[in-house]
Each structure stands twice: as C-alpha cells, then as structure tokens.
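Both of the next two complexes hold chain A, though its partner changes from chain B to chain C.
Let's turn to the complex of A and B:
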C-alpha cells in the first residue's frame, strides 16, 4: 500500500512538471509582449530594454524556463501585469476560498449521490421521482441552478445570504478556510456564518455532479443487488437495506469514484462561473478579471494551482479506490 | 421416526404473466427428513434450480413469479413467492451452499467479517473454519475471497451456511465449479457435517456421479416434472424411465466403452454419421439412418468405421510440400514458461518447467491435470496465443489455418451481434486456405460444416444469444472445422455442458476427427472424458508432464500417486 502511494505520488510530480512546461510555453507563444504589457503603451525604449533584462527575457528560452521553475519552487508565480503585485500574494487568500467551496461541493455531491442512488435501488415509493431527477438535473447548467436558488432561497425565503464568504470580514484565522478558522479560534458563530454563505454556491455546483455520480452509483448498486454475493447474503437472512449498505455500496463505489475523479475537473471549471454569480472572492473570480485584462502571469498562476488541485484530487481518488476494493492491483 | 424438515406437495411455479403460464416447475412433490440427503437431478431447463430457489425463499422478490401447491419447512407452512413467513426461516432454518463460490462471496469483505456476522464472535468463526477443515484458520480469517483457492472458498461458503445450525441445507451444484479431486473432498466434508449436525440436505445437481456418491434418495426432473424417484442405488442401478436410462448412458465413467459413440443415439448425430460414412463411397455401398441407429443400439458401431476415405486430401493442405519428412502435427521440446510476479525484477513464477510432448498426425492426445497445473498454458502456447519463455514448439503446418481452438465457454467466444452464418462465413473469408473462395463456395462450405456438426441450416440466421449452450458449442466446433485444421485444440469444451449434451459433443468431436483426419489436443480435468476422446493421456502436475499412458487401459497402467488420486476422484 505504501509502495502504491509512493508510486502514485511520483507520477503526480511528473504530471505537475509537464503542467509547468505547458503553462510556460503557452505564456511565451502568445503574441503579446510581456514587457510591453507590463509597462503599458507609452514606455520608452530604454525602459523596455531594462525591464526585459530585469525579467530575464533576454536569456535563451530553456534558461527562462528553469528560471520560471526555480521561481515556482520559491512560491514565485511572477508579477501581475494589472496590479503590479506578485501573483502568489494575490492568490494567497483566493486559493483557500475556492478550495473550501470545492470541498463542500464534493461533500454535497457524494452525500446526494449515495442518498439518491440508495433510495432508487431500494425501489421505494419515490424512486419514480428520482428517475425524473436523474434525467432533468444531470443536464441542468450550474449557472441556471445558481440563479434559481438565489431567487428562491434568498429573495423569497431569506434563508441564506446571496453574496460573499462571510458577513463580518473583521474576524478570521490562520488558514483562510473560514469554517475551519472559526473552529480553531473558538468562534462558532463565525463558522456558522461561513457555512450559511457556503450552502447556496456549494449546492448550485454540486447538483449536476451529484446526479451524474448517482446515476453511475445506482447502476452499480442495482447490479450489486442482483449479484451472487447479494443472493448469498439474502440466503443468510440479511435485509435488503443491509445488503445495500454492507455489500453493494462498496462494490459499486469503484466506477463512481473513477467518475468522481474525472468530473472533479468539470467541477473546478463550473466553480469559475458559480463564484461570479455569488461574488465569491476565489480563484474563479480572479481568473475572469485576469483573462479580461490579458494578465498572463495571473492566468498562468491560476491554471497551475487549479491543475495541481485537479491532479492531487485524482491521486486521492486512486488511493481511495485501492482502499475500497482489495482486488485493485497496487501497481 | 425422524422429523420431516421439508415437505413439498404438488408445487408448481411459473414465470411471467403469459396465459397459459409457462411452468418452470409443475406439480412436484417430495420430502426430506433430518439426516437425509435428497438429490434433485436434472439437466438445464429441468426446473431443478427453480425448485432449489423456491424452497429457500429466494423467489419472493420477483413479482412475475407465481406458485401453487404447498411447501412446509420444519413445520412452518410457507409460500415460495410471498415474503411473509420467510423471516426467521430463510438464513436460519434453511441455508444454502451455492455453485460458484467466487462470485457468491462479497469480494470487498474479509472472510472474518462475513463469518463473524453470522457466527457472532471471532472465536466461534475460527472454530467453524477449523470445522470445515481449513488448515490455517487465522490466515483465512484475515483473507479476501480472491486470495483463496476455489476449494477453500467453497469451504468458507459451507462454514457460512452451517454456522447457524440449519435444519435444512440446500446444496445448489456446490462442486460443479471445482476440480474433481477437490470435489471429492467437499462431498466428504458435507457428508461429515450432515452427520454432525443431523440436518437434511437437498442436493441440486446435473452430475449423476455426484448425486450417486452423495445422496440417499434422488428425484430425476425433466421439463419441470419428476420423471423418476427412489433410492439412489435403485435409480442409478436400474433406471425405470427412458429419460433416466438415457442420462445414465450418457454418463462417462472409467468403464465407458471408448471405441463406440457414448450414450443413446440422437437423431441428428446419427444423420451426420450416415453422411460421413457415405462420403466417398460408391452409391451401392451406402448406409441408411436405420442401419446406423440399429448398429449403435446393438453397440457394434466403432469409431474406426469412420476412418476417412481419402486422408491425404485433408491432412496435406495446399502449400505444404508433399515430399517433406513426416513430422508430428505438434511437438513441444523442453518448453518453459514463467511470468514476472511484480515483486521485483528477478522474481518470476514458473508455470511450465521443461514440457516435452508430441501429437502425431491424426492422433488425439488428452492433457489431464488440475487447475493451476499449467495445462491451459500449454494449450495457449500451442495455439500461438502466448509465447514460450524457453524451448521450442514445432508444428507440421505453420500457416494460421493449421490450428483451431475450441474454448470452454462457447457463448463468450462467439461474437454476440453476428449471426451464425456471418460467424462461419467470416472464418472462411479470413482464412488463407478459404479466403479466395467465391461467395457461393463459401456458403457451400458453411452449409457443409453445419451438417457436420448436426445443426439445422436454418440456424444460420440466428444469433448466438438465441441458441442453447449445446448449440453454441456446436457452432464453435463448426467454426473450427469449416476449414479443416491440421490440429484441433480443445480447452475443456464439455465441462460447462449437461451430461447428455456433453456426450453428444464428445461423440461429435470423435466423429469429426476420424472422418476429417484431424489431430486433437484435448485439455481437461476429467479423466473419464479424456479417456473417451483420446488415444493417449498425458498427466500434468505443477508444470511438468509426469506420465503418459494409453487411453485404452488407463486404470491399470497409471503409476504416479498424483494420477492415482485423479483416478480415484472420478466417481464410479
């Protein structure tokens, strides 16, 4: 098992390296001259030449790449063209915001998937309703869901706040994950407020994901319920519910987990939109401003971070897969 | 008088809502007492499996099943299709040992977790593992099903079924998926446990040998009805019904006459025999169906009657040089095979260690061994599906058409979306020997192959899913011989089939190899089948051929302990 995790980690590092090459090349092939973009249209020739040397852009491309890579190791993602501040500093509070939201989206999606698939498989009175949900919600775009939720839960019912991560911005803690910070500093009200703000955006982004997962899971669960090991369990007086949760769920979770790994990429991109709608001060919002102002180092920085998050998520899914199914070959 | 644990009266079961209902079981009555073992014997579609499921209450979840008649288990009146009343009976008073222990055990759960759920405590679970003669209970307790051998898995299954001390145990083909020698151990274990617990057993099986060895009494089922019942000594000794007699005739033992067709004549096989006898003979010397049937019944029909009229035409394909020295159809010299095990670069698992064997032209050789002995690896290397790690493999004809393989699971080896006609035509088109034939000639070849395997040409339009298991295996054989190969490799082609169908497939293979002059390498774990199909038997164990004996008198010539053990495991 340890071997497997180490190997998975090595391949993760290889993927991250390739990602850094890709992001570097994309920055350089673009037609825009980074120095002109940084200094603006009215800069003098001398200033341009000086900045070019300061950024190391006079060196060969390969040296530039290793400079860039070395910078990455020191947490240097370059300077933002539009704000003239280091990208890494700007991302420092955006990354926890997005990661916190992403964690809640995954949490909601998994709960939703297990509940929907479980009820559907046990053929209860509402399984017809769930079939309708399977068809309709899998195709519902997250921005539409987000808008509808705002109209209903915020405007009509006033249950949840509409924008931002927190009401009282003066509080805070060491991690930037507000719910966690509240718990760490003993400020429960702070945590609760953060959760209230998280519910609507997390739900909006998790519904589609959860339903897609539920469909895969329901498939696996029904074949699990029809399997020979389920028959054995029945012949040993286990109830249907016990067979579902003790036997089928674990057997069916492999394909659902693989699906989750793949879909987590789509989830990250849907967060970009959802953050806009809920004015969530995270990577997504930052990215849309950066793209609009052709701020290449900023775009590259966000791409690197999101790419790394995705690659790490898939690696975690692989390890969980191996833990869930003892037959998975640990190679 | 011992108490009755099971009483079935006039039970009928039907599937689907069709009117009139399709009866899977019709008007079946039998009873089992404590300590008694009743065999329910029949072939596929006889209703024995439905009967087995009904008496353990496993039909209650399917709303399309309906039942009439009465069912009493340990004094409780139950309805096989209604859930009410089954709680407290199913899984407690009546438990089951299923056929395939691999798929019947949850792959994600350790044996310990499964067993503790039933037995209550770890100590009790370990005691049960010991009870079913598992050598290292503590290790098995921690293992997952896929880490155990088939026999061990079935022992675990038995421990699970017995741990609640049921009054009635249903054994649903519990040894069908196991090696013969393991089968004998499992049957012995079941017998011993029955004596210890005093439970009644309903033993559902298609294997007459197993039923004879295991059961006190048997009922023989056909098409949903019981056609014969009585003590197993009586039923198997002097069967009264025509069907039971036919089943007994089809059964292979070490005493089966191997020079003649097995079993009672079947019209389609007789037709194929008539045709192959008449092939190449003068009009005046032709044989008729009546004559062949009469000869078969009189037991005077010999395989040697089917020696091909013109061997040269078939065995020397175009392209092979006729002047070359006669060499064996297949020859292995010191062949080795090993696989990397994944535990480091140098660690390899040896599957074959120095195998030398030779199949002469028109000879049939059987390769007999248990699972893991390496017999299937030899077959795959002979077929060119795998390459040997060392040694050399020679074939008399090196073109791709010279070798054809028939696999155990014929259903899986036929493309499901093609018709039988397309499957066979594709084989003709893709072969070097038949690739340039015109469409009409190809159709002629395909039609001839269907006749040779005794399948109606009308089935050419069917897809594999619409055929029975026996028919699918015949299609697989037809595909293998539509362009006659030099050597036919058979990987347990009969072990998934019912006895009567298995015997007709063996008859067919024997007929084809004599009539077409094909060499055969027949891989099996069943000595009785090997004896009938082959001229010579090679016994293989742990990747080495340990003995070569003529099939004519296996029983008297085998010398190794291993072969003796295989021989003893063949149930008389």
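Let's turn to the complex of A and C:
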C-alpha cells in the first residue's frame, strides 16, 4: 500500500510539473497580452510598462517560469489578470462546485450502468428498446442533452431549476459542497435545494458515461453467467439472481471500474460544457472565461487542479478495484 | 436476500427518493411581477466592481448604482448633456485649466461619513494610486484644493477641454468615503473594494457571490429620491438561451445588454416582455492595416471602401440592433454636417480591384471573438468581397490576444473590425483613442499625419469646429471606416418601468438603476 501511495504521489508530481510547463509554453507561444487584459484597452503606456514589471513579464522566460513554480510551492497560483483576484482564492470557490458535480455525475453514471447492465442481460424486445433509447441519448453531445433536459424538465415540467447551484445564494457552509453543508448545518431544505440544482447537470454529464459503462458491465455479466463458476453455483442450487448479483456482478466490475478510471478524464472535460449551460459556478465556467481573456494564471491553476483530480480519481478507482477483485494488487 | 442485492435495492430506492424529493420540491419559479426586488441577468461573470478598475459595461451597473461622481451625463437623452450630481454647479476658467465645483450638502456615504471636499481629493488620489485603465482621467490633475468644506478647485497641469467629460463619464472618478479609504488603505483597498462599496449612490453593495450573483440594496439615507426597487439581484447566467428560458419562466425580470440579434427578435415576439433599443455611441469601425501589402496605396484603400455597400452590410449584420452611419465620429458627438465620410459608394470599384490591384490577393479580416456585432459585420464584408472575386476570409481572435495580434506586423490581418465606444461623449475621447497610435484602440498603430497635433490643439482651445477637419482627414486616409452604430439593448418584463428614461448614451448597456420602478 505504501508503495502504491508513493508511486501515485510521484506520478501526481510529474503530471503537475508537465502541465505547468505545457500551459506556460502554450501561453508564451500564443499572442496573448495579459497586461492589456489586466489594465483595460485605454491604459497608458506608463501603466502598461509598470504592470509588466509588477508581474515579472520583463524577466527572461525561464526566470518567469521558476518564479511561477516557486509560488506554487507556497500555494501562490498568481493573480488572475481578468478578475484581479488571487487565483487560489478563486479556485477555492470553484473547486468544490466542480467536485460536487463530478461526484454526482459518477454516482448517477454507476447507478445507471448497473441498472442498464441488468436490463441488457434480460432477453426480449423491452431490453432492446431500452438499449436503443439510451444508446441514442448517449450518442448525443452533452450540450445537446443538457439543452433538451432544460427544455423538458425546466421549461415544460418546472421540476428542476435551470441556473446555478442554489436558490438562496446568501447562505453557505463550511465545505462549499452544498448538499453536505446543508446536512452539516441541519438545514435539510438547503441540501434538497442543492440536489434539485444538481440533478439536471449531473444527469446530462452522466448519461454517456453510464451507457458506456453499462455495455462493458453487461458483456462481463453475460460471460460471467456462462462461466464455469456460474455452472458450479447452479449445480449447488443457487438461484439465477443470486449468481448474477453475488458472483457475476463482482467479476464484471473489474473492467467497468478500469474503464471508469479512464473515462473520468473525459467526464471532467464534458463538465466544462455542462457548467456553461447550467451556469454552474465551477472550474469549467471559470476556465472558458480565462481562456478567452488569455488569463494564464487562471488557466494554469485550473489545469493543475484538474490534473490532480484526475490522478487522484484514478488512484481511488484502483483502490476500489482492488477491494472488489482480490486478484488485483496495488503496486 | 444476498447482501449485494440488498445494497442495490437500497441504492435504487435512494436514487428514486432523491429525484422524487428534488422534483417535487418547489423550484424557484413564479413571476416576480410586483416584487420590490428586481431580478436581472448577467450574461457571464464580471470582474471586480471597483470604481477605479472597472472597465467593462456589465460591472458598471454595480459601480454606478453604488457610486456617484461630481457630475454625470443625463440619462435617456440622445445628445450628451451634463447634469449635476454631487456637485450642484461648476465653473471652468477660460483656459480650460481651473475647474471650480460647489458640492452638494446633506449627502452621506454608505458608511455614514458626510460627503465634503476632502472626499474629492482622497478619491482622485486613490484612482491615481491604483493606476489602472481609467487612471488617465485624473493623470492631468495638478492639485485639488478645498477653499471650504463644500467647494473644490481642481487645477490641471495643462489645459484640457475634455476634463468635464471625464468627470461625467460612467468610467469617471467616483467619490469614495475618506473614512473607508483610510480604513482599507492596504494595497489601496483593491481587495476590499471588490466586494464592498464606499459610495453615496442610491444602492449599496449587498451579498456578492462571485460567479453566481451580485446583490444591491437600497441605501435608506440616499440624498435624492428613494429608488423604487428595494433590492436588485444580478444572477450570472452563462448563455443567452438559458437567460431566455429564465425570463420566460419568470425567474428573471430581464437582461440589460446583449448583442444577439436572433435572441432579440425572439424576445420581441413575447407579449409579456418589453424590448428596448437605445441610441448609443458604439460605432464598429473597419481598420485597414497600413502594414498590409494590399493597402500601402491610398487609392486601393479608398477604392475598396467605396466598393463595399455598407448600408446593406450593416442591415444584414445587425438587423434592428444597429444602423448604418454616414458619419466618421459616433452620432451627435460633433455636428453631422462636418462629420460625413468622404468616400462615396461605387458599384464597380470592387470588380476593378479584383482584376487589378487586389488580383490574386487573399485578404484576412479579424474581429474580437466575443463581439457578435463585429463578427457579423466581418462575415458580411467577406461575403461581399468574395462575391466580387476578391478572396477574403474572417478570423476570430480571443479577447486576450486580439490587441497583441493586431500590433504585431507578422500576425496582424489585413483588416479588422473593432466594435468600440468612447469613454465619454467628448470627440477627443473618440478621435484620440481610435485614430492616434498612442490612444489604445488604434489597433494597427496607424498614424494619419497631422491628426495628433490637431487634437492636441483642440484639447487646449475646446473649439469643436476643428473636429470636422479631423473627420475629413481620417476618412480621406482610407485607413478607417465607421460602419454603423450599435444600439444598446435591454429586455425587461412588462412589470418593470422606467427603462426608456434610464439608458446611458456613452455606455450602451448601462441603465440608471434608480430610475427603474415596478409597474404600479
């Protein structure tokens, strides 16, 4: 276990370092003018020169990079050029929003995958129709799904809100995870309101992931039900349902979990679009604004956080995989 | 029952219960009609609404709601008129150097500090110290003297006939409480004043949730007529489609400012809404790059501009959100008779160029990515050129790279469109910024001989007649063409009144919030 943690920590450092170099280089080869973005179009030449020095943009590129890296070690991600606030402070607001949404996306995706996989293993026309319907939805890009959900569940049925994370924005809690904050402060209505806001964006982002997982899971279940251990279980008078859930599901989980780890990165990317559509005040919305305004510290900050989240997510998936499947060893 | 099966059933039940509970709970819906809180949308998040850094129209709604300057432009009128705000009257000496203001009495800042002459100097000093984009407006101030508590005398280092316009601008210096400035002097209070105000306006900053919502509440001791809405909530919504759904659903009362002509047409069809199109000074301008090989010759530039059918291009590109212009300066800035573009339309000019000076040339037309008006104009110009067999394509540049790309001869396109508006209604604020290399928005750094000297002379004399010569020289150069004027837009529920008197001429998407009222 110690070896596993050390290896993952090293890979985390390598990923973050590579990301920081990549984003830094990309920003420099682009034609961005952060000082103009920071000061506004009518700034005087004197103000532009002074700000260039203040941000260290007059220094050699390599010095700028190591200044930035030095700041990272002290938790200083720099100052956003467009909002003029420390990036670390901005991310402290955005990260919980995106992580909360991501957690619900994964939750919905896993539930959907298990339910669909169960249905897929059934014979008959209903299974085929359901497979076709979900596959069609999963083929649609997430922005289209999100828009359809808004039109149906918000505009027509008035079931769920269209915008934001919470109705009463004056409240808040210790963690920034609103569902959890409501529970921690004993405010169930707050948690329910947060869930209401979460359902549509989480569903929009989870559908494709869930259907993809379901296919892998269903294949595993089918081959599991035809395997030697299933035959043995049948000979011991176990019911089909028991064989499915006690034996087949567990065995089929390994490839599905591996795939979940891989797809987590894609899921984080799709959240960028979903956050835009639902005005979800998370990393995606922040990133799209930052890119448009050539806000390097903000873009780099989000990239580093998303990189770290991806490495941690895959590590968690590996741990779960080892728990589910004793044949898997953590190395 | 096996453990895994029980677990699955439990999860299934939890999901169903969660969705059912969430779905059955009442969403925040229902009309806001009759409410004393006005719910408006922000299309995307805003930078900090600090009066000395704010330099885009969305955050100006908050700044100008909570802060006031000595004077302002009168709202809801199509020509610029100065009106008193925290100064009751003023006097300018014959050299445009010494400006004397008598200050309004009985005014308090939101922290309770009485407004007097000391606030003027403190506020000017802060703007200078913060030294962001709008700092140029006070850079020429030599001294701020206070003969009495209710009079200030501002002396400039050099004559400046535009100085009153700076003070009246929505971007202009706002009065801030000296007490608050002293209490939050670290780093000039630039973090504190991102979320707290220290103004005298009809509204105070309420709860700010960065990226989510911004709230203004009525200031109970406001010196003027009490605002009719007790609170104004701005909700950040990322896309115009969702804004439309929220307005239709009654969660929002409207949105001020957006450049989407399709969305506006859709709003117009909704009988529960009022759509507004206000006059403005925003004038999309076509810049021809003097460093482009295609445009080194003035005759080619003029010929290209004369060949394009700009009224048709403006109509197709902007619909009802803008209109074609024949003037060089934004409308009403100077006398229209002396402001006409000198290039007359010639239907055959483009075909002559296609087989002559621009034969085999491929033109690039750049525009800023987040400017729908500039994009639509660029695409229509490219279409007209391509129809005339002059190869042209449009290129979108992100806001953060637009200016630096234009300034770099290696990367700059042959032409570019910038849909800008001046900081003030004074002609110097347009001509100096757009037509002189040091101005900031002369994006290719074009230097038309003699313009700078003419502008400098008129800044001293204040004689408006000289701007006609500037208009003539700019137009004749063939480097610039004013394409259209873009109207300010707003969509508001019919329960909201007063917008027709609240719009701002200088900043297209800014309404004087205290003039809005719920329908009786």
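As a working rule, the second predicted complex is superposed on the first by the 251 of 331 C-alpha atoms of A that agree within 3 Å, B and C clash if a C-alpha of one lies under 4 Å from a C-alpha of the other, contacts with A are read in each partner's own complex, and residues count from 1 in each chain.
In this text, a residue touches a chain if its C-beta (ideal position, glycine included) is under 8 Å from a C-beta of that chain, and two chains touch if they have at least 3 such contacts.
Everything numeric here is computed off the predicted structure, so don't read it as measured data.
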- Tell me which partner A:276 touches in the superposition: chain B (first), chain C (second), both or neither. second
- Determine, under the contact definition given at the top, whether A:234 touches first (chain B), second (chain C), both, or neither. first
- Query: Which partner reaches more residues of chain A, chain B or chain C?
  - Reply: C
- Counting only touches as set out at the top, which of chain B and chain C does A:192 meet: first, second, both, neither? second
- Task: Pick one for A:162: touches chain B only (first), chain C only (second), both, or neither.
- Result: second
- Task: Look at A:250 in the shared chain and tell me whether it touches chain B only, chain C only, both, or neither; answer first, second, both or neither.
- Result: both
- Item | First, second, both or neither for A:325, with chain B first and chain C second | first
- Query: Both chain B and chain C touch chain A; at which residues?
  - Reply: 246, 250
- Note on the structure: chain C residues touching chain A in their complex are 2, 4-5, 8, 11-12, 15, 18-19, 21-23, 25, 27-29, 44-45, 47-48, 50, 53, 55-56, 131-136, 139, 190-191, 194, 207, 209-213, 215, 235-239, 241-242, 245-246, 248-249, 251, 369-370, 398-401, 403-405, 408, 411, 420, 423, 433, 438-441
- Item | In the complex with chain B, residue positions of chain A that touch it | 227-229, 231-238, 246-247, 250-251, 324-327, 329, 331
- What residues of chain A sit close enough to touch chain C in their complex? 30-34, 36-45, 47, 50, 81-85, 90, 93-94, 108, 111, 114-115, 147, 150-151, 154-155, 158-165, 167, 169-170, 192-193, 195-196, 198-199, 241-242, 245-246, 249-250, 275-279, 281, 285-286, 289, 291-295
- Please give the residue numbers of chain B that touch chain A in the complex, ascending. 56, 58, 87-88, 90-92, 95-96, 98, 100, 103-109, 118, 144, 146, 157, 160-161, 164, 342
